[in-house]
């Protein structure tokens, strides 16, 4: 509101109050969001953690000092700081650091898949229920309630048990249990949005329900969903790890972090690092997501907190 | 003589059922001639907006007769495209009537596309010009606009399908007096330019008097009086409610005055 | 012609039920529908699972004839829907079947394991509320201060820490090394069965029986897992409390209270806190429900014979009667908690009629 | 910290589903059964290697044709209910097991008893004798060994029949209750939580020293170890090697090692065209790092053992012809003309097996064989295995009764290799293996009355089998039990039976 | 004799994403026991000025002033605790939006009683009596019912009257009323204004009346401050408002349509950037009207007092 930004620099161009093209407008609003996000230190830390995770997953073969699957029964359960095995080795003599690095791929995989499935399913169910009202609403919300009332881990377990253990099924199972809250959020938002004047306005242009839901309601629900998803990600990683812990998640010898804890928990008393290192890894990434989610909430959803 | 642009006869509108039943409009009847500006006044909650919402199909529970250009409307959701091409509406609150994540460009181009226009680029430029917003505003988002500017965008959106009838639901009540003047002038200009018929709701008698030639006074869902603006100015009203409205709009007088009604 | 003139102008709307009755009927109907759906989904899951319930009965080495006999006994040769209807009929009669895993009636098993979980979850929730709510309120009131930062870190750590890991480490440190708390299980072995089971919750039973040795011992066993669960619920509750409070503190009525010349503490606790009560109830109910159903891992680590473990074991062994029974109970509790928090909401919030 | 006359045990007891001896088939069920039920003949915990000894039967006589054995029943034995134990109870118990036809009934029915003839083949003779008549002549040791199994536990007819429901011969009631005459009385069982035994003071062999036995379900080894270290329990039965090593070093604690009958094996489905080549199977047997495993993550808990009879069984052999030899394996694979072999193995989600599977994966890979591991819950994997759908299986097998026939009959016997024969009890059938001549060898050995000759037959059979069968037996289980130093005379049952609480003392 | 209120160089600043935003810039004015109107377009800083006097600018907003003297006492130097004694009992403020300014979960009566009991030692029954009288005084028809009601059960107009009752009950020396009648029916509006009028005239209460209705302010107040972009652009006697000289004021006056005088086009305000740059018009030096002595009852039974007078 003070001086108008100088439009000759990139920064100025991006901060311009009078965008001159669609692209300019979009970039400009993205950049402004980024600026306010950037000022949130903790959120930046979160983002940093996740970027690091991404890089780690991407360049795992370059970073990892060992093959994550290479066993050496003579070199098993080496402690932290052993030369060549900074994080020690596990019960089959595999390098824990390398396994953690490769495990980041699986974690990312899980996170991406769940983040793609659950919110979209929830968004679809919630907005349709909220906008259509009537019977569609009642039926959809009952279904949501059923899945909500289902003991979460039991549902996931049942699903995995039905389809067999494995990472994809674990992801499906988690998604199956994760969507109902999103549906509820989306529905609540839809209910407030659907009677607003701008929706009435598009209806007056003759727009059909599908168009209103996808073009007008979704963009408004998405930001709060993104925040929720980010905050839930930690829970999702932990749920996947929980399944791994019960032996139903990722399959050996894949270095999934939850499964690593599960394998290492036998040694918790004498060789604590075997379970602790993956525990710390999960903790760090979860923390990253939580920090990021907190920050995103401030940017995307200023009403929610702040 | 051609049919009136809008014709209401014995319109009833209600909400809810059973105990929640609210009769929002009771037996409203009036005509709006082509090219006329007609005002609806009355206290808050008297059913002014509801009449408009019933007309546009935003409220489905009504009975009685409504005609647009001589075509009868039927209760129910569906209004065909031609209806929306003919009738458009501007809402009361400019802060609530624009999608927070759609830029001006998106709002207008979507509207144009829905109505099947091809020369969208050219039309957007023209519309923005019409409502007195330069091309500089085209890619802004609502949060980058002032209230008056938003209301101009809303008017541009309503003008996009080139309607004949514009419904104005308190278009300036959320705005400052200075901005109100700008918008009222703009609406006047547009009316002359495009041969529009106005149906305007307001609780500010002065605003209605300024814009309209005839007014209907509503109270409790009923139309108590339809009169010309000249009559109103001359204080030639027959109904006590209208009289009290008129008197009240004069302002505050110190104790000495006789302002002692309950 | 004997037509009776219709004097009641309203009759075309049919008999007008009072609103509360309609609401109640709708509420009950939706609970029923939810429960039925829950049952059905569970049932289907149980049937399509490639786990063989017959194997659970006959064991690994059974001959085929034994196998066939049991297959028939369990009614597995009937169509799915018929099986479901049979099951439903039994459930309505209060018969949840017999668990294959424990050879006890499921209802009896649940009566044994559910109190254990309730005891744990309740204590956990109490810890979460007693610590979490004040923490959240203070964090919101002193936004950005060190206490806010601490609250934030506490919550984030709680959100991010794998519970099974924390549980194992907690057991190692507080039981193994420090010896401050009792070990796994609900009570030390030699106190087992010392107090008559009235409620099934040992703390309550011991108190009822006036046996304070058992009470103390049971407390020393429950405190660690309950604290662990309490920490998770604390993290959630404090975070939500904080954000509710922030919303309230920015409301105009808070300024009004200050205009009156009210002290800051009264403003926070009397005015702002009074306004989050309702939201808080919902959050606490939700977190309680989560603890009731979601403490499987804690139960495993602490050898806590609760419902989470029960259902999980049953599920892995295709003991479908037990899974269905357990799911109904947990689902019912969830639904009831939901309704309950709804009722409280109506009761406490004047705006909700 | 535990009282002197009380024994507290931590153990995984979630397998316990029934205590009816006619039905009980799980480890924990065996443990309980051995302590609450008496049998005609049984093993003495102080001297397991002596084999079966008189118990409720004071002596037995074999008829000329070798088909009938007549047992003389001990006098003055009392059931926990106070009823005296009569010969009728003995006959009833065995008949009941046959009539109920529950899973373990084959242990008895393999002698030709059936619903129709059991009243005649098992009957009371005289006023203190019971006679058992088999359909043909079997090695007497075979019959008597079978009578030491859980299913031969003697129940109190009067009590049991008092609880009969819908003609179930008291099965429903007996699942959770006790009608025995053994040294202990079952006083409570909370599934997945604990069970409690109380000493039976009128036990015919004398009241046991430990007045109360409490077995608490504790899932995690680390937890069991912590409890043992804290003195909250006397015995920890599911310790993993690392925890055992730690306990060995601790004052006040000790470790009991006992060789059990359980075998770890891998098997290959013979429907698979590649795996049905003998050279391929042989090569794979050379691709197991036997030593590596028993010296690392299996340390102390399994020992290398490559034949189907566990050590201590009649006919045992100690030959372990296979060792980890990549070159040999490669050569064999080359000879078989197999390249780029990929195998999928079904493994249940138990830590030990997963590690073995991963080790196999590693060593197989060294010869270019890709091993995929498909993990499932016990029930899942087993379901597929029984349906002959697993390409390869990594699993364990425990003998059902202490006679060589139990394992010979499952590893080397499959009279009908058709899919619809459904001989699901036979591991050979599950792997679609037609044992050919082994069928006759098994049938012959089981009827050989001469003990030494019989042993020799099994020895020969195993040597042959080791070479050609699509099974690779890898290890035999050693049970390592952690216990407080004051616990004496603990015996978990060796390879042949279950734990004997009555022998335990504390000092 | 000192002024009741003397504000010198008042600034309110908000840090925002785009730098510091000045909501109030250097406002100075003095107030006797009179009715001072503050008018201006939306966002011109009227409410902020009112809040600033009570030092209730919420962080991160910052408040600076050379001084804010109440009866010669500088409020800027007071401790937070000292301010609390001032708020409510000596200066009260009717908040702009009654819908959001009342605690939704507390009964109306409790909120009014609370205002009284925070500053005066009175029993509950006494407080209740006074609250009921006060409600009656602001023309609420069924005080007993309203007393027990929750805010959401009240209409906007009732809410505003409740707010006024609540703020008047501790009998303040200065009342800041932020658009107190915008939601009221015109007839009730007259009654409420009359109450405030009476208090100023009989008790010597000072009144700051914030509104954007220029006509109303011209008719009701003694003096008017016209604010634009956080500054006072003009100050004049209320009855002379229609002769105001500042183009902004003139623009506002002319842009309103009038019932009695039809126009084809309305005048549109054209804003001059110089307006917001010009310094605030300082406190006028004219002599303040002689202060009447406080009424005989002192801090007596205000509600009953007013009700009687009506």
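So that you can tell them apart, the chains are marked A, B, C, D and E in the order they are listed, and the count of residues begins at 1 in each.
In this text, a residue touches a chain if its C-beta (ideal position, glycine included) is under 8 Å from a C-beta of that chain, and two chains touch if they have at least 3 such contacts.
Just so we're on the same page, UniProt names per chain: A, C = ABC transporter permease; B = Glutathione import ATP-binding protein GsiA; E = ABC transporter ATP-binding protein.
Since the structure is predicted, the reported quantities are computational estimates derived from the model, not experimental observations.
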Shared chain contacts [chain A and chain E, defined touch]: B, C
Graph distance between chain D and chain E, where chains that touch are linked: 2
For chain C paired with chain D, centre-to-centre distance based on mean C-alpha positions, whole Å: 41
Centre-of-Cα separation between chain D and chain A, whole angstrom: 48
Separation of mean Cα positions, chain D and chain B [Å, integer]: 88
Gap in Å, rounded to a whole number, between the CA centres of chain C and chain A: 25
Residue numbers of chain E (touch at least two other chains): none
Contacts with two or more other chains, residues of chain C listed in rising order: 50-51, 168, 172, 176, 316
Interfacial residue positions of chain C with respect to chain E in the complex: 250-253, 255-264, 271, 274-275, 277, 348-351
Contact set on chain C toward chain D in their complex: 50-52, 55-56, 58-67, 69, 99-104, 109, 112, 168, 171-172, 175-176, 179, 183-185, 188-190, 192-193, 300-301, 303, 305, 309-310, 313, 316-318
Residues of chain E touching chain C in the complex: 51, 54, 56, 58, 80, 84-89, 92-93, 95-97, 100-106, 114-115, 118-119, 150, 152-153, 163, 166-167, 170
Chain B partner contacts - residues on chain A that touch it in the complex: 17-22, 24-25, 29, 196-198, 200-207, 215-216, 219-220
Touching residues (chain side chain C, partner chain A) in the complex: 30, 33-35, 37-38, 41-42, 45-46, 48-51, 156-157, 159-165, 168-169, 172, 176, 242-243, 246-247, 290, 293-294, 296-297, 308, 311-312, 315-316, 323, 326-327, 330-331, 334-335
